[in-house]
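To start, I am sharing the structure in question, which I have written as structure tokens.
Letters are used for the chains, namely A, B and C, taken in the order the chains are written, and counting of residues starts over at 1 for each.
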Amino acid sequence: MRDVAVVSFQKRIGNADGLDEVELLAPTIAAALAGAGLARRDVGFTVSGSCDYLGGRPFSFVTVLDAVGAWPPIRESHVEMDGAWALYEAWVALQHGDIDVALVYAFGRPTQGDLNRVLGAQLDPYCVAPLGADALSLEALQARAMIDAGRCTENDLAAAVGRARGEPMEALLAAPYVASPLRAHDRGPIVDGAAAVVLVAGDRARACCARPAWIRGIDHRIEAPALGARDLTRSRSVERAAEGAGVRAGPVDVAEIDAPYSHQEILVRGALGLGASTALNPSGGALAAWPFMVSGLLRIGEAAKHIHAGGAGRAIAHATSGACLQQNLVCVLEAE
Amino acid sequence: MSEPVKRIKAPVRFDYTVGAGLTLSRFLAALVEGRLVARRCPGCTKVYVPPRGACPTCALPPGEEVVLVGTGTVTTFCIVNVPFEGQTMKLPYVYASVLLDGADIPLLHLVDVPAAQARMGMRVKAEWVPPSERRPTLESIRWFCPTGEPDAPFDAIKEHL
Amino acid sequence: MGRPCAVIGIGQTKHAAKRDDVSIPGLVREAAQRALQDAELTWMDIDAVVIGKAPDMFEGVMMPELYLADALGAVGKPMMRVHTAGSVGGSTAIVAAHLVQAGVHERILTVAFEKQSESDAMWALSPKYPFVPPLVAGAGGFFAPLIRAYIRRSGAPANIGMMVAVKDRKNALKNPYAHLLMPDISLETVAASPMLWDPIRYLETCPSSDGACAMVLASEDAAKCAPRPPAWVHGTAVRSEPTHFAGRNQVDPRAGRDCAADVYRQAGITNPRRELDVAEIYVPFSWFEPMWLENLGFAADDEGWRMTADGATALDGDMPVNPSGGVLSTNPIGASGMIRFAEAALQVRGMAGDHQIEGAKLALGHAYGGASQFFAMWILGRDKR
């Protein structure tokens, strides 16, 4: 396998100025390339992740191509998945050896619709979606299962939120349930966002970045969609992806977990087998801000940042998709 | 109930509040005032209408404003004969790519001309709805009408096809 | 380019206007199962699944890889969902090929589908952007003006589109999976059909189909155990350009030319018309055949229509195009690109049955999408490159 590193990462989270996707993304991409000392023409392959359902318009990723300046024509692809999977596709493309630089980006304006209800469209369209379940209710099923199985308590949920948002436990526990045992704050605030990551292979990465964050392992797995077909109190896909990515091959200094729900953070933390010496979600994680479709890519970028800054020697990043952690990606990043 | 169920109808409705973004919002606000305001890309100098958040070939944010008069040339057009969900016009109707004078890219809009008379190269001008009916949408221009000038030669439009 | 990659199994559903006998998972499984059977493999032998389809809003299932993980035997495996508008069937196959070429996996199942009878494609293809009047009525409404521009520029006679429509539907009669079967089609019946978006007539338009297509892609080692001849990947390429920009040539997009040049270079082809034995290209409206013949470099500018007129693209011509019947005969939108790629593979494997081009050794699969802005192509050979 060819050595590939994250050499640059830029994000734009939140949208107080009312920008559209192109306006959020274009400066983010420009800054990411500039941060690596690269020009648009240096990019050998561009991949993005996004979802039509955020804007309510089919083919919405097409107009956002304006943010990339795809002229002359570029080698480009797109996944209707979180940007973390776009990064995976870019990593695969770099393995062939014919290109050295890939640009990965993700974007979304989930605040335009009611994401909690929209996510119900992911469910079995014949037998489950017509029941009208919203995302929070489904996640509450998993949180309840975890509590009943003794895997966590309501206090643990509040502690996860408290760490992410710096709020005191008592206030959190006093808030009313929205879908028991989950309270409104048990889900990260839904925000608009855009992020861009530059991947460079081989020696060239060292020219782009003082301390490249090398991808030493990356793996992703999916589980069955039917909630009743899975053990909701553990995550087999996180365990397998972690194994495939080689998480346990060394100490983990920093872990960025894509868990927009408090119970998910607890579950994934356990499935990754993280020790007490690992700094968990120094960025605040998805519980502090949840830019759907960007969130997983963001975790990879945030983890890489610690290696770029020299503060970590080994970091892991996690991304998730689907109700109750149905699909998961784990990425191991290391300093030189 | 002896017939097996082969399909179900499960209607879904999602409501979205879409923000136009900064660049388009400025353009739409000008439409309310009866002004067609394009923007020039600082990189390639092309004039875009409607303006975009980034130039599609340069990825740069838009630069200076360019006020357009509202006259233009039909580059190519389509006669719509088939009904569809969301259709508002009576069939058949003509919509065209109109290359406005001063702009470097055509704009899609309705042309008020009988289908049989639509022509590539036809000169047209914008007809606005009354000021009280104008809203921040391209529908503040009701349609484009023929001006009666002689058609533009094919060479003038062939690069915009 | 990476390591060698081959197609060792192909499966298609019987494409139809309405497949009432299967649900969405049933549809994809029918194609996937046939591909596995062709390769004599089981679900357990597959390392990863790559699925592609047109926008989720067609059937209303958001991110359908999540729902279909079970149906495609993907539980416990990596699964990806590609979406590049109309070219998606092609780019999905390319993402799958890349996984093998990168040495990440040995055997990939790739699937593309559309269940249009369970969707409102016309609505989904008629973009209702806020702030603008709803003008464009479906894909035909978008492409008709471009076709008008091609006819004007090239000086092509008016009946070329109709000739393509007749040729492709006659070819489809030899394809057991094709949707439209029109034994009585002729230039007269096409000319008499209603004009939908001038100059596109009803019988010059692709149908709306339910269908799925699947392939098993394998490494060199895995291909050694394949029971039937493999189709070797000689080159893959994708290119994209922006939707609208000043001076854009939408009739002969540069992205298409660049994509073709890239894939020819990888496959060592310098004269595509002479060296390729057959091409399966994405022609959803009849006039796209002459337009793409030029864009692909088979014919000089403004001369593509002559190839059609001369019969060069017929089954017995020197450059047969769409012997399967093409998109004009079968169009489950998300799958159509993969069907082109799979039909190219069938040709070089010698497994295209009644629409086999005798002795085909080198075939092109082509797909495009969006406003003629996304292109995906691959070249397959009977022999390893």
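The definition used in the following text is that contacts are C-beta pairs under 8 Å (C-beta built on N, C-alpha and C of every residue); 3 or more make two chains touch, one makes a residue touch a chain.
Keep in mind that this is a model prediction, so the values were computed, not measured.
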Report the topology of the inter-chain touch graph, choosing from line, ring, star, complete and other. complete
Chain pair with more C-beta contacts, B-C versus A-C: A-C
Chain-centre distance (mean CA atoms) for chain A and chain B, in whole Å, is 37
Can you check how far apart chain B and chain C are, centre to centre, with Cα atoms defining each centre and the answer in Å? 31
Tell me, which residues of chain B touch at least two other chains? 12, 18, 20, 24, 55-57
Which residues belonging to chain A are in contact with no fewer than two other chains? 53, 65-66, 70-71, 118, 121, 125-126, 129
Can you list every residue of chain C that touches 2 or more other chains, as numbers and ranges? 60, 128, 242-243, 245
Would you tell me which residues of chain A are touching chain C in their complex? 1, 51-53, 57-59, 61-63, 65-66, 70-81, 85, 88-89, 92-93, 95-98, 118-119, 121-126, 129, 219-226, 229, 236-237, 240, 321-323, 326-327
Sites on chain B touched by chain A in the complex: 8, 10, 12, 14-25, 52-61
Parts of chain A lying in touch with chain B, wherever the complex brings them together: 17-23, 26-27, 29-30, 40, 53, 55-56, 65-71, 109, 112-114, 117-118, 121, 125-126, 129-130
Within their complex, chain B touches chain C through residues 6-7, 12, 18, 20, 24, 28, 44, 46-48, 55-57, 75-82, 84-88, 95-97, 104-105, 108-110, 115, 120, 136-139, 154, 158-161
How about chain C: which of its residues touch chain A in the complex? 1-2, 23-24, 54-63, 65-70, 74-85, 91, 94-95, 98-99, 101-104, 124-125, 127-129, 237-243, 245, 253-255, 258-259, 262, 370-371, 373-374
